Amino acid sequence: MSGEVSPADLHCGAHGASAGVGPRRAVPPGEDLVKGFWRENPVLVQLLGLCPTLAVTNSVANSAVMGIATFFVLVGSSLLVSASRRFIPNEVRITSYILIIATFVSIAEMALQALVPDIHKALGAFVALIVVNCIILGRQEAFAGRNPVGRSVLDAVGMGSGFMIAMLIMGSVREVLGSGTFLGVSLFGPGFEPWVIMVLPPGGFFTLAFVLLTVAWFKRRKALKAREAERHDVAVVERAA
Amino acid sequence: MTGAEGQSGGAAVPAAPPAPDEVKTSRLLGTLGVGGAVAGVLLVIAFGLTLPTIEANKARELEVAVKEVLKAPARYETLYVVGGALARKVPDGTDPKKIERVFLGYGTDNQRVGFAMVSAEAGFQDLVKVIFGYDPKTKQLLGMKVLESKETPGLGDKIEKDQAFVSQFAGAQAPLVGIKTGKRSNPREVVMITGATISSKAVIRIINSALKRLGPLVDAYPQEDKG
Amino acid sequence: MSNPSLLITASPHLAAGDSTPKIMWTVVASLAPIVAVATYFFGPSAPLVMAAATAGAVVTERAFDRRGTLHDGSAVITGILLGLTLPAGLPLWMAFTGGAFGIGIGKLVFGGLGQNVFNPALLGRAFLQAAFPVAMTTWPVPAAGGWWSLRGDIFALPFASPRALETVTGATPLGRMKFDLQATPLLDLVLGTTSGSLGETSGLLILLCGGYLALRNYLNWRIPASIFAAVAIVATGLHALDPARYPGAAFMLFSGGLMLGAMYMATDLVTSPVTNPGCWIFGAAIGLLVVVIRIWGGLAEGVMYSILIVNAFVPLLNRWTQPRLFGSAGRTVRS
Amino acid sequence: MGDLAWIFLSSMVVNNFTLMLFLGLCPFLGVSGRIDTAIRMGVADTFVLIMTAVAVWFLNAFVLPSAPYLRLIAFIIVIASLVQVVEMVIKKLSPALFRALGIYLPLITTNCAVLALAIFQTNREYGLLEGVVFAIGSGAGLTLALLVMASIREGIELADVPEVAKGTALVLLIAGSLSLAFMGFAGLLSAS
Amino acid sequence: MRLGGVSERRRRFPPRGTESPVWNHLKFRHGVHPPELKDLTARIAIRRVPYPDEVVLHLRQHAGKPARPVVKAGDRVERGDVLGEPDGYVSTPVHASAAGTVEQICLWPHPDGSYAPAVRIAVDRYSPQAPRPRLVPDWMRLEPPELVEAIRQAGVVGLGGAAFPTHVKLAPPKDQVVDTVLINGCECEPYLTTDHRTMVEYPERVHLGLRIMMRCLGVTRAMIGIELNKPDAIAAIRRTLPSDLDVTVLGLEVKYPQGAEKMLIKALLDREVPSGKLPLHVGVVVQNVASAATIAEVFETGLPLVERIVTVTGRGVKRPSNLIVPVGMKLRDLIDACGGFTADAREIVFGGPMMGFAQAHLDTPLVKGTSGVVVLAAAETKPTVSYPCIRCGHCLDSCPVFLNPQLLGQLALKERWEEMETNHLADCMLCGCCGYTCPSNIPLPQLFALAKVALRRRPAPV
């Protein structure tokens, strides 16, 4: 598939997402799992799947349910895609992936509707929109479609958890500030003045921006420190020599 | 190259060298067919498993709402708006879910309590969907509940949560009039929420227009049940 | 002959004599009468609220701006203008937060003075309006209570809800018009003895103070002129259609924050177009949106949102209204 | 008529897909760097949205009542094929337009705004005309947001943005500010 | 007469390009109104300075290629002798401005800030400074090409500041039809009174020079544009107006840069010189008043351009004056001739304060294009600190060629030269209006000059 770009890459890769590492070097199985948590976090680092991250994170419960649903779809479709990767001709690859994903999403949607009708109502169309969440299609393209089942599932679990982490960060910040509650439990008592904006659309943009700013700030500090340390090492070596 | 990616159906691949392509096309179609069949089976199973619960959830939700706005009737029945009148049954061959419904509640003494109606119109942010109970004899409202709204949290959503606002509707006289502040001087007035006038007005408007539309039908519905 | 130590600068060697700090501080000075009148109407709450907003703006500018541009006075303007758009009884911590947000998100993330897209004061106010909708729409009545009485629980602790004090509050003239179809006497509007935010009530004074700045060419007179014209024309037209439902031009012009918005917010040099045709369109669009939001929208007041929305279009306006290059048929379009 | 106007304004500004509902954020962040690309993306998007509205109405009216569980799969496949068909038609009819829109069309397949339109249209039980007006309004809203964002971003290239805020964070902050400003449209045409 | 003149002109010479409404006549749009500051010298009669001990004549006295030196160290030269031959068509000779001995040909501070080859002449203190005797041709008998060649050999250049060789302008290509000669008497730069005094004291010379130029070009119509703040100059020119010529004298709005060729043409004829084109393109040749007077002098005395009238002024000089100065006189000597610096002198500008160059060396000599020396006192100089652009738009309102200096400035700060070019940087004439109005004191003209240099240096596309 060299030289080809999938819609997922084009569509989300426009802002420099590194779509997976590929199977070239041998990686310990733990690495497949852990990288998605933070270092290659699909939302905070790769900036994928921003629509749900912004749209449904106005409460922790919504974020968690959305996270679980996405997790389920991601792991399920990675499993299926990886297992059937030898049978799927290249030409209908994307179509088959979408078919598989859409099936899992439909199942997830029905399950949510049956189990947690209130939250399903609050999530609205965004459960169905998991189909077009670029994290999922992206992982199938970049990983599950070319790796064995075990690694693919680990990767999916890692990425799904990474998505969930991001969702929970967003959901916590927005619910705590916006309603003064966590999972519906009042934290500060009735005297607290909620920042209504946090549960409104602008609050979503601002919260994610602040999370990204924080991430960028940490990265920058780390880079500065690393440079500092390097300079120090060089100085030591020079002195020794 | 992007064109190749968007290909959803393998059939769209143009035929170039005949022999291998024939095989390929059939294989593509086969894969998709098998995939589609598997997906279909999975979905049907899931659908079958969840449908009863989903329907039950919906029914319960509706029941709770109807009971709330009709002051906890002993039972209620569903009437359909068919051809400008209320009817117990829908004409054959039509989907009952697609027809506007009115719910008629009965008390323990099998006396009619009132009708519950559902209506939706634009509020401050998006559609507001309201259910309310109405007694055609006294022209009084029995209660009001907001079913769906996306009004501003902390301000507009008081139409759902502010008991002082919601409770006014029980016993209010139709048609309603919204007033800004102060005391209600007559049962037709509803004190609107400070700072959420548009949302409050939307609720009042929804009820008034629903009554204008459905009120005559309700009035025309036969007074006594035969049986 | 004594040789002077020679200065080498680039041409031109003369300057018109205005400088950015001078412009900014003149704007601050021109706001002084408006601040004074706000204090006269709303008692000690007014200067406290404005001071809190200004402190929020200035502290944020000082803390995060790398170039140390505090002395140019732009943060102070943002703070005072934000303060003038707040209700007298707003808790001080909210005012402070608004100032900090306005400067932080409205200005510093873009790189500081001159680079921002949205008017920082209005962005701060929009933030407050969205975050604390109830506190932001509780309007104390100017004349009620003794001068010394506080107009709300302005000393509420940070993050705490303000307690309800025994303050007389009332609807703004626009609110009364929109929701009750009640007009307010024009004289009250012009003088400012109505409910409303601190600095927007006295239309006449704002007109005078802004006019002074326009005379000094510190604001582009085309912007307020086109705003007033657009509002007046549309309002008059609608009023002629249905006088009971649509208020007339005078009411529209002197009610709410239109004067303050047109004179001080829309004319913010940074967030308004650089070209004169752009300014005409900018003002007309604001005026039109104000009327649309006031009459058909869900809000009684739309000046803040109108200006913010049109602010977002300023880069496009600048682009579309490039001057026609001397000696050419086309415009100096950036390609 | 009033309803149609409300649907149009609501989908364009009051409940703007991008700024209020967070739909189509990927192109909003990715393709909003240049004004001309933004406009092309918006036009392509609007075009596909209108086609989708028609197709979805057709599906809802004739196909899906018998198999509701296939709804999602049907939508996504219809959208994907529709984009493909649109691409081929444009290529044939207007090569110039194809060159201008070409690479944006496949992007739209996985643009959540299109699927969301299909779902909203279904949930709200819009008729054909309403659906098309909804699609035009949504498309106009997307184009507007893209255009404004692109013009702002082009201007910001000349600004001294602090290092940490560069990139997506700043775009999100601008989007948040825009979203804040668009709150002024709330309640448009719904006040009595 | 003026308005009548306008309508009559419009009938005879319909403007090319865009039509503009009547109220746009006799002025151009935009521009600025800096303080005039001409009172220091406006009523002071021109006087001749004594010869200094040394003059330094730059070989690059004009726009175009520098002259080739034809003397060597030790040569004795008389006043008016050729020091450098023109090198190419757009080039003029350089003549000795005083009799003496060539000391050296070396690099010397040039008024533009660089070091350039120059001829140093130790002035013969006892020489009468009489030119070497030569035949003065009777201009009336010369054919236009011969006239142009004579003007070229006399080293005449535009004396308004740009120092463009005059003979090039007077010999347009055959396919260009010139219908009008404009004499530029605006002198819109603050402080300067050179042209003003020339018109007051030597109006006949201006008319003679104009007559010669009209003969060169075969044109029958001319106009003299003078800013309305010089009523005595207008009166003097009108009083001496020859009756046999179709010359109109028009007073113009006092506004900077009224004296820029394109602005003058716009104001007088309501023609817009197309972007990237020369005045010739709209059938006009513009000459400065001082250039006209110099041409007259060349044919009256036979002396080439070896001296010019210079205004030495400003609050930093003790005795502001209008002087006849030999070209190549050093700044130091010039200031001495005006009583020296005052205590608060701070910055010396060659040319006017809007477009002139600040000088770092007191040894810098005058060149032919130096129309004034302005010594600014400390209080007059601009502050050196600049602020971020606040997008006030004043620069757009002032730019006489309708550029967007705000955008150009921002682009320049990010070194995006190519984009500046697409935004018509080439049309910028560095008049300085934007820099004058900028409240943030952003050195816009300097940035544009830098960008022009950067664009010129950029490697040619392969």
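Quick notes on this structure:
Which chain is which? They are A, B, C, D and E, in the order written, and residues in each are numbered from 1.
By definition in this document, contacts are C-beta pairs under 8 Å (C-beta built on N, C-alpha and C of every residue); 3 or more make two chains touch, one makes a residue touch a chain.
The structure presented is a predicted model; accordingly, all values stated were derived computationally and were not measured.
If you take subunit A and subunit C together, the chains in touch with both are B, D. Look at the CA centroids: the one farthest from the centroid of subunit E belongs to B. Interface comparison, A-B against D-E: more C-beta pairs in contact at A-B. Chain-level centrality, scored on Cα centres against the all-protein Cα centre, points to C.
Between the CA-based centres of subunit A and subunit E the separation comes to 68 Å, rounded to the whole angstrom. Centre-to-centre separation of subunit C and subunit E, using mean CA positions: 48 Å.
Subunit B and subunit D have Cα centroids lying 27 Å from one another. Rounded to whole angstrom, the centroid-to-centroid distance between subunit A and subunit D, based on C-alpha atoms, equals 23 Å. Within subunit D, residues 69, 73, 77, 80, 103, 106, 109, 165, 169-170, 173, 176-177, 180, 183, 186-187, 189-191 each touch two or more of the remaining chains.
Each of residues 2, 5-9, 39, 43, 46-47, 124, 152, 154-155, 198, 201 in subunit B touches at least two other chains.
By the definition of touch given earlier, these chain pairs are in contact: A-B, A-C, A-D, B-C, B-D, C-D, C-E, D-E. Those residues of subunit E whose C-beta lies close enough to touch subunit C in the complex are 17-18, 32, 34-35, 190, 262, 266, 272-275, 277, 316, 332, 335-336, 340-341, 343, 345-349, 353-360, 362, 374, 376, 380-384, 387-394, 396-397, 399-404, 406-407, 419, 422-424, 427, 430, 432-433, 435-441, 443, 445-446, 449.
Here subunit C touches subunit E in the complex through residues 1-16, 18-23, 67, 69, 72, 74, 112-115, 217, 220, 269-270, 272-276, 279, 318, 322-329, 332, 334-335, going by the rule given at the top. The touching residues of subunit D, counted against subunit E in their complex, run 157-158.
Within the complex formed with subunit C, the residues of subunit B that make contact are 124, 152, 154-155, 180, 192, 194-195, 197-198, 201. Across the interface of their complex, subunit B is touched by residues 3-7, 10, 87-89, 91-92, 94-96, 98-100, 102-103, 106-107, 110-111, 113-115, 117, 121, 178-179, 194, 196, 199-200 of subunit A.
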